[in-house]
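Each of the next two complexes has chain A plus one more chain, namely chain B in the first and chain C in the second.
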Partner chain A sequence: MLQKKICMVGAFATGKTSLVARYVQGIYSDKYQTTVGVKIDKKVVTVAGQELNLILWDIHGEDEFQKIRMSYLRGSAAYILVVDGTRRDTLGTVFQLQAKVEDTIGKVPFITIFNKYDLSQDWEVGEEDLEELSQRQWTYCMGSARTGLGVEECFTKLAQMML
Partner chain B sequence: MLNLPQPIVTFLCSTVVRDRFPAYLQVTKNGDLLSYGGACDRYGLNPLQLHQSIDDQIFFLAGLLPLQEAAMHIPFLQLEDDIIAEVHLFAEEQHDWVVFFDATSENEEHVLIQQKVNDLSLLRRKQARSLGHIIQSETVAENILDIRPAGEQKSLSILVIKCCNIEGLDDKTATSNPLKILDAYLSAISPSILDEGGLVHQNIGNSIVAVFGVLPSTRSSSMQAIDASVRILQLFEERQPPIGPSAQCALVVTTGMVTIGLLQVGFGKTLTVMGQPMDVAVNLNEHSIGGTLIIDKLTFDGLDQRQKSFRPASLAGSFMTESLCLYSYHPLQ
Partner chain C sequence: MSNLPTNANQDASNPDKPSQADDLTKLRSLLIGPALKEQFENAKLRSEDVSRVLPEAIQLTLKTGDKRVSEAVVPTVEHAIKSSVNTDQNILSEALFPIMGPAIRKAIAAAIQNLTDSLNQSLEHSLSPQSISWRFEAWRTGKSFAEVLLLRTLVYQVEQVFLIHKNSGLVLQHLAAETAAAQDADLVSAMFTAIQDFVRDSFSVSDDTLGSLQVGELTIWVNEGPQAIIACVIRGNPPGQLRQTMENALERIHLVQEQQLHHFQGDSSAFEPSQPYLEECLQSQYQAKKKRASPLKWIGGAAGILLLGLGAWGVLSSYERHQVQSFVDQLNQEAGIVVLRTEKQDGKYAISGLRDPLAPEPADLMAKMDLEPEKFVFYWEPYLSFDAEFIESRVKSLLQPPETVTLKVDTNGTVQASGTAPQAWITEAKQLALRLPNITQFNTQQIVPVEASALAGIKAKIEAQTFFFTQNAQLVPQQNDKLKTLAEDIKQLAKTAKTINQNVAVLVEGHTDRSGSELINLYVREIRAKAIISLLSKQGIEKNLLQAVSIEPSESTTPGLVSQISKSNRKVTFKVIFIHPSDAN
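Presenting the complex of A and B:
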């Protein structure tokens, strides 16, 4: 079976672990338990009639004390940039990370997910931010690990981009 | 080995190394498993088949081998359930090696610290966002702020910041939005408070009240409050937007025992600070003028070489000043 490594990257507490838990196990918790290091999960999916074994690298959040080691990204077929839509600065983190990732592993497909879409009253990401993404020709989607909205679609879209 | 006597080497091997359950894999440059050994079971590395592709057997290695760098280190890798492995990969001419150690307990310690750091960062954000409604839940207050909900006595420093002469604030024209202007000012000031370890307690009119000493710090609460004050004065001097050309701030810091606790206000809990230092700070602030920083004696006593920037002062108009020993800030050139 075809193995595809996919990395989850983004600032801390944006919902990387929650998105993987929602996608792989269909579960969600409101309790925040930070990831220190890397957690590996896998899921078999069928895309366009082809079976893929997705190997998901849930990497700790980027912050002052824990910089993401770019060597973790080696061998990735694709990656997911996770933004917390209620914290606009996490979009800035993603811009920086994307440049570093591309420096390390070159151009591979990636998708940006604006997570926590259920918290629309606290939403900080604006139209002009989405316009900037469009200008960069980035694929993005809205999602919520909490309600499950858009999560499956996001992974599926990325899987299609990899084929 | 590093010139260590044999008994030491034996000791290290039997304790430091063995207790960490080493395991290894040897992989050819084509990605086939050549040999393995050690505590592979512990990391869920089984069943392993020699001379078969490693990528199909150990998923996380997919894409990593053959190694592109001379070595790679993953300090904490969670594969199976509750075991966290420290993984070293290193290359030799003919093959690559992968070495595993058990790092579960180290990981636990790191998680404890990182969790606190992240929780605090998130709390800091929440505060910066909604001045006043600081404490969202009792648990946060107890776990992070260390406040007993029933209330307690604590020595804190109180900083009151009054913004004066703000353009457009008293403007009655329809175009200006005073709330928006004030909000911009408060948002510009609050990072200086939060970065020095303070809490934005509340805002009254165009004044902000901040408290220092609630969150743990290696500096005294006085030093934290003074450092924040100096940053705020600088902010007004630099006049970066939104600080307008004539805007000024008047700062007062007092220190002493207060009662702090959580009050049920409406549906949420609010941090409450009561006591003489609070009353004095608010009173002094009413009478102080733009561009000044006034502190009381207890604040002064809590400073180190920062004391050199302060001189005895008095405040006209305040009935409290007669009985109080006050100092004002004069930056050293």
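Presenting the complex of A and C:
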């Protein structure tokens, strides 16, 4: 089975941890994230008959108090950018983060997940934002950690991009 | 430099040429013509010429002992190394890595030799009974006293070895000792790399790696190469020699698998050839342990004690030794017990090792073998054995299944539950079981909630009830007891259904015969059903649980039996229906 290191990055409280929580196997508690700044889980996906063992590095979200430790990104085969669809400013954070990540580890596949898609009444991301993503040629998908909608598909899509 | 003059000489020295004037013209054109000029002025041509003779020329000067060339290239070489280091340190360090390790080790070995010598001297005069026995052992085995001292005070086991890809933190290979309880190696390896990064970032030590970690009895030793890391998880006090074994393994792996390390894309199967090197880190420690526990030690030790005459307590009869050895063998055969060490301590046999709390009591075994308990002391470290039998009893003791449940654990770690049990137990057991190590699944397909089977029983009881009416829609008297029983049953039904979140309703079916007009009959049927509902609600049954239904009499009535059928059809019967939550409306 092939192993791949995947990093999850995004602004603080965009739901990175909840996004993976119900789809992965892990042995570490969430405490690691706030102490060491990263929590590691794994997920096995099958793409085109090939089993992939994704080692997910769920990195503590960036906020005014804590910057992301870029050294955690080293050796990643791909990464996931998480945007909170109900807080448009988290998309801006993701644009900045993506540039930093690419500076650190170079060009590798990545996918942007708009989380909290179930909260349609608070949805702040608009057509023009998605248009901008398309112009940047970014792959994105909608998901909801709460209902589980779209999450599995996002992982599968990213796995396909890596093969 | 080479071609032209040679050609000119050949031509000039050839006497067979027809005219000397021709030769001269030729020579002139060669000397002052464009070819020779081109040869001198074109840098590329000149370089090509020089390159043809340069290697030979250098060899020649070295042979003659001329040092000028060596001296001339020193600054260039120095400069080249300097700029190589400035551009990328890794290239040079990778090139030097295989030879630097042995060189450094040699130097360190010499330093340690000095240390051992001085330790020897300082211990020379210490005199304790223990040191005397060690001294005897040193004399017997031909080792230095300090060596024996170090060996005897070390007890350890390498439990796990990780080979980790330095850049990504992905695990390339993982080995675990049979007795070790290993967690998911993929996750541990990545988290370990994260902690390395964390320490490096937090304390600004850019290139150094975290060499060792110590947590209680566990030590983690880390050796880092240019592409990969070896980490050993060790219980006890590891000897310095283990570091060397690790370093050797790391160097060999870098040498043999350099290509795979450079182009690693996540396929760890390419690193199977590394296993023998990693096994050395595990196995050599096993041998040391076995050797310590071997009977030879006992015989040798006893002989030493006898010879030194240190006390009568040391005299062991061969019978006793045999008894102890077979007891230890017996212990080792028990599931959940691993004896690691047996030794004599203050006249008693001290047996130490690992024991699962569920394993049989050594005292019971001792009684069976007729051994005196006061001659033994046990030092057990608790551990979890993954023996199928233990996993099963661990599951049973945690889940406390009712007697009606059978639990089986298969080799994949799936718990198969069958039989009947309260729903509350099933829900709780499902969550609890997965918290146990080595349990991956809790299969409840074969288990029926007690409430569900109880419901079926009550349903049958209720549906067996019938209340008869007179022609005038009056209830036939003396059915009061029946009514009370029915009310109790319906209450029980509602209560049980609630515990398993099952919606339930009781249809109260009014019947009539076919005599009279259908309109009146319909009215009578409803009256009968409602009469029963009203009686039941007086018994404390909630009305919304009950529903009146009118049942039309069937077509087939046998002639001649009309009056009998008519009578038996003046009745109310019951039907219990279970409603799926989504059809509740």
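Everything that follows uses one rule, which is that the second predicted complex is superposed on the first by the 151 of 163 C-alpha atoms of A that agree within 3 Å, B and C clash if a C-alpha of one lies under 4 Å from a C-alpha of the other, contacts with A are read in each partner's own complex, and residues count from 1 in each chain.
Here, a residue touches a chain if its C-beta (ideal position, glycine included) is under 8 Å from a C-beta of that chain, and two chains touch if they have at least 3 such contacts.
As the structure is a computational prediction, the values presented were derived from the model and not from experiment.
By the touch criterion defined above, A:R74 reaches both chain B and chain C. In the superposed model, A:I111 makes contact with neither chain B nor chain C. By the touch criterion defined above, A:V151 reaches neither chain B nor chain C. Legend: residue contacts after superposition of the two complexes on their common chain; A:A159 is shown touching neither chain B nor chain C. After overlaying the two complexes on the shared chain, residue contacts for A:N53 are found with chain B and with chain C alike.
When the shared chain is aligned, chain B and chain C each come close enough to touch A:V38. Applying the stated contact rule after C-alpha superposition, one finds that A:R87 touches chain B and leaves chain C untouched.
In the superposition on chain A, A:F12 makes contact with chain B only, while chain C stays out of contact range. Looking at the shared chain after the overlay, A:L2 reaches chain C, while chain B stays out of its contact range. Touching of chain A by both chain B and chain C, each in its own complex, is seen for residues 3, 5, 32, 36-38, 40, 42, 53, 55, 57, 69, 71-72, 74-77. Contact residues of chain A toward chain B in the complex are 1, 3, 5, 12-13, 32-34, 36-40, 42, 53, 55, 57, 60-61, 63, 65-66, 69, 71-72, 74-77, 87.
Within the complex, the chain C residues that touch chain A are 165, 167-171, 183-184, 186-188, 190-191, 194-195, 197-198, 200-201, 265-268.
The touching residues of chain B, counted against chain A in their complex, run 55-56, 59-60, 62-64, 68-69, 72, 74-79, 84, 107, 110-111, 114-115, 117-119, 121-122, 125.
By the touch rule above, chain A contacts chain C in their complex via residues 2-5, 25-28, 32, 36-38, 40-42, 52-53, 55, 57, 69, 71-72, 74-77.
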